[in-house]
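Chain nomenclature is as follows: A, B, C and D, assigned in order of appearance, with residue numbering initiated at 1 for each chain independently.
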Amino acid sequence: MDRKDIRRIAVFTSGGDAPGMNAALRAVVRTAAWNKLHVYGIERGFEGMIDGHFKRMERRDVANIIQRGGTVLRTARSKRFMTPEGRAQAAEHLRSYDIDACIAIGGNGTFTGAKVFSEEHNIPFIGIPGTIDNDLFGTDYTIGFDTAVNTAIDAVDKIRDTADSHNRLFLVEVMGRNSGFIALHTAIGSGASSVLIPEAETNLEDLKNVLKKNKARGKLFSVVIVAEGHPMGGAAGIAERIQDELASMEPKVTVIGHLQRGGAPTALDRLLASRLGHAAVNKLMDGEENVAVGIVNSLITTYSFDDAIHREKKPESALITMASILAI
Amino acid sequence: MDRKDIRRIAVFTSGGDAPGMNAALRAVVRTAAWNKLHVYGIERGFEGMIDGHFKRMERRDVANIIQRGGTVLRTARSKRFMTPEGRAQAAEHLRSYDIDACIAIGGNGTFTGAKVFSEEHNIPFIGIPGTIDNDLFGTDYTIGFDTAVNTAIDAVDKIRDTADSHNRLFLVEVMGRNSGFIALHTAIGSGASSVLIPEAETNLEDLKNVLKKNKARGKLFSVVIVAEGHPMGGAAGIAERIQDELASMEPKVTVIGHLQRGGAPTALDRLLASRLGHAAVNKLMDGEENVAVGIVNSLITTYSFDDAIHREKKPESALITMASILAI
Amino acid sequence: MDRKDIRRIAVFTSGGDAPGMNAALRAVVRTAAWNKLHVYGIERGFEGMIDGHFKRMERRDVANIIQRGGTVLRTARSKRFMTPEGRAQAAEHLRSYDIDACIAIGGNGTFTGAKVFSEEHNIPFIGIPGTIDNDLFGTDYTIGFDTAVNTAIDAVDKIRDTADSHNRLFLVEVMGRNSGFIALHTAIGSGASSVLIPEAETNLEDLKNVLKKNKARGKLFSVVIVAEGHPMGGAAGIAERIQDELASMEPKVTVIGHLQRGGAPTALDRLLASRLGHAAVNKLMDGEENVAVGIVNSLITTYSFDDAIHREKKPESALITMASILAI
Amino acid sequence: MDRKDIRRIAVFTSGGDAPGMNAALRAVVRTAAWNKLHVYGIERGFEGMIDGHFKRMERRDVANIIQRGGTVLRTARSKRFMTPEGRAQAAEHLRSYDIDACIAIGGNGTFTGAKVFSEEHNIPFIGIPGTIDNDLFGTDYTIGFDTAVNTAIDAVDKIRDTADSHNRLFLVEVMGRNSGFIALHTAIGSGASSVLIPEAETNLEDLKNVLKKNKARGKLFSVVIVAEGHPMGGAAGIAERIQDELASMEPKVTVIGHLQRGGAPTALDRLLASRLGHAAVNKLMDGEENVAVGIVNSLITTYSFDDAIHREKKPESALITMASILAI
């Protein structure tokens, strides 16, 4: 791959949407324009690639979107792209638009699709990690994570008002699929009594003891954060297992739900998305391909799709320990 | 009852908490202080009245609480107060503190307790309507309703980001117990496609047709607001009944939940709570008793506990009609 | 004017923008569409009318704007419209598009222009009151007022954090042009120590005494809200007059500024704008003309442009009194 | 210094307040309690140290403060502490309470005071960097910076609504004292047209050309972010220099002001403050002294007070370049 070759690129968002995807798209389009590249936006991810939904994007087309949640290119999960026929059709469209390279904004599934496709059809890809779950190896933060955590904390702050007024126990379930990042950060940020995540063993006896001790010590209410992917069945599963013994605390379950995916991105997500979108174009120009961009120790980096897909990223155990010390 | 008699009053919050209760408490305490009354705050509503949890409250004790959700006096539902023995004990405590009258901040259940108690023990009460549900006859607005609606709309605004990005159908359940006020106002304010409330008949065929027509017309996603008290079983119940036929829209259910009870009160709730708290003391001074204060057509008014408890308040049908015209 | 005649209408926003204008526009377009009227949107108010910037608007053109601040039709102040020549050109454009009636969303200046124009060129107008200042006679609330007050209160809540931490005096200036509505409602809602508005006499000696007494009583910080139109020169003017005597409180001036005009509209502003936009079309269909729609005591009403322009609306004195009692 | 020696510590906040200081305080108190240390909180920083305003703080005393802006210990700037007599008096109080070490939460001025004092009176200090300005060498982020940037961006998002509606130029001044971090991050996050900071040369001709070119290219409004410490006199100074030439854009100045200091801390600030408060106690237990804790490349680190005070931290030039590319 040679720098001179990259003249026309395509960009799309795929998989679950995340706040900041628009900021990343804006950065891709403007950095590309600054480098005299032509950019095409593909609607609805791999679905639009198969259906040929391409549109030319210039600087002004990404004006006034940096602050918007969701993705103006829309997104989808594509079953057809899992078939060789679907991918062949997509490749045809890319060729008909003379696309030299693609930038894919999404998570694990997106990168898996990109890897298979680029190997099959020899079109270079750069990935930008966009998912609220922060579960991608290779980057300290994914786009949307900080916004989701802030939204969850804001919700828990509100729930505390009512928990506090009623002296109650609340089990609050947050998103994150199989990963506990959102739950752990929400728990620390909201001063929760406890946090239950898939990455750490859950001892229900300990949990019950902590809650009882807290009450004995004068703590008037308790909030426990549970990751949706918790193997005991999320917040509802935990509640079922403890409610008899803690009935006097009137345990309530609340699932924060899809609002965690939306909303104006935070400052950090806008900055991260801008940096990663900008870097993705620069890395393409530098001749890199089939890697994702990321941020590690505040610096831009790249990592292979394989690593992103197969290696596991886990919350630091030091943070888990700290959370329990500060919750006392 | 003669004005000179009111020298010492007690105030408490009871039932479900609502944002703005603190602002009402502040207004009660400061208006009372301005009128040289002594004020006692009772903790945890009727429970604290039975247990004698009274504390003297002066002007500075309600500083810096106008912006806080929940209630600093805490609240509870009291089973003991439903027994004559419990109420006798409460009356004893009021007498031992020489309380001439009580101000109760709460909803239907609170007013019912106040009515029974004041008849039994001859202690004058004034009620202040505090409930997010807005289901109290006699007042156009209850304290907390505007905040709850704003919280729900903010959540739906966020859900729209992701609904829009995925071209999906969302069924969003909001609070309100048996009443559809929160649902109707949330639906109008969030531009929802449809709203299902207990006070209006639900025709599922119409609903499905509207959603299909919208899609045919180019509407890319739909949000339907469902009141938690909807007789078909809230949002989950509706989803079950329509999901087969609308499977292509990938219907998702989300329950906004307890965060609707919390948060800093809105401007309107702070103003309303301030006016009602101020009026409650003034009405007591004027010799009124066993009524609740309210706001009708922007003016302070009073209404009997009986009316508040037994008469029904329903959303205006004109608003329901307008909601469906604007949703098209 | 006869109901049958109204087939095609134009709508525009003019003067200062206000949150909720988009919700009003949406309601106009959708109610008109429901009544089979054709709607044209005019860009940049009277400027666009003179320049012929009209565009057909259908139901889907106002999708997804109810939550946006500002106005998608943009707005402007037009000097040319103050000349007979400018207005003649505007009338020509309206005729060339066969417009039967206009709906103008704006404040005092907008209604003045509408009145002069409709008299000169015999085109019926309906006004919708949109201004954050709430200074229009004939309606209890104008579109944007509730949002502006909430924004101001949110800002003061933040300023209190720092005022409280430093034991300081803050003079906070809010918008409102010559009117004190925003200031008064912000002061009540934020629990300010005092409020200075053009509609009430300001006694600086009293102000200084209140602040000193508060300090003596243990109040650790004070926030004074000043209307921008205060005749002593806003917050800066007041500060100059009191700072020597209150130097120990380290008085700081902060001007909240233009952010009060923007942001997603509140629930109340979305509902109000929806109701007024809906009513404006209905009133046109009913044959009314050259009036503005409004809301008085929760009911839709109309009032002449003359009243809106020439009669004065003032904050209730009872609220001013209450504010000072609760501030103690 | 030996671990066994640290039995009683004091903690205080000093200088300008910053959101997250309460979260840091909570982490200090709870980590200390977990380590069986006794903690005293000192009110109003060095002022309270001189006046002997100490209070015992236990776990429950820092409950429910993680989400609050400002500082519950209050803060002050102390002239008396700049004199040897003032410091001697402070040392006396520390000795009378048997304090083995102090933890100081604040910025540059706080660390300077700590350094002088600990040298004079041989009491070990650990500093925690709390300032919205992010201008402290030795740590990537200071507590409060992320919140301030989010508040500023939220304000600019609102100002854009009105700027966009009117096709106007806004010059928005943000805080940061002599540093441009807040301005640069706000500009990137809000998609501003340009940013003017003390650390980069300002070429007014370039600025005017960019704004004119943007307008020619169809950009309908422009927002320029100016750091308060900009040597040309902040936003007002810049406006004065460009307004004649750009009069057609109706340039407006708005100063966001003190609200940037307040508000509930963001997720990141709560996490950062928790980590730094936790680390400060751990470092004390490890025998470190007269250093500040910080975070560099996501890892906890320490640095001498001298470095914090005398070495300069500047925004990365790569970010400044990126900001201008993305603004196009």
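We take it that a contact is a pair of C-beta atoms (placed from the backbone, for glycine too) under 8 Å apart; a residue touches a chain by one contact, two chains touch by 3 or more.
Remember, it's a predicted structure, so these values are computed and weren't measured experimentally.
Participant: Determine the shortest chain-contact distance, in steps, between subunit B and subunit D.
Facilitator: Shortest path length, in steps: 2.
Participant: Measuring centre to centre, with centres taken as mean CA positions, what chain is farthest from subunit C?
Facilitator: A
Participant: Could you give the separation in Å between the centres of subunit C and subunit D, each centre being the mean of its C-alpha atoms?
Facilitator: About 36 Å separates the centre of subunit C from that of subunit D.
Participant: Determine the centre-to-centre distance between subunit A and subunit C, using the mean Cα coordinates as centres, and give it in whole Å.
Facilitator: 40
Participant: With chain centres taken as the means of their Cα atoms, state the distance from subunit B to subunit C in Å.
Facilitator: 28
Participant: For subunit C, what residues touch not just one other chain but two or more?
Facilitator: Counting only residues that touch two or more other chains, subunit C contributes 157, 160, 164.
Participant: Going by the contact rule set out above, which residues of subunit C touch subunit B in the complex?
Facilitator: Checking each residue of subunit C against subunit B gives 26-27, 30-31, 33-34, 59-60, 63-64, 66-67, 140, 146, 149-150, 153, 157, 160, 164, 185-186, 188-191, 217-219, 264, 266-268, 270-271, 274-275, 278, 297-299, 322, 325-326, 328.
Participant: Please give the residue numbers of subunit A that touch subunit B in the complex, ascending.
Facilitator: 13, 17, 19, 44, 68-71, 74-76, 151, 155, 157-162, 164-167, 170, 220, 252, 254-263
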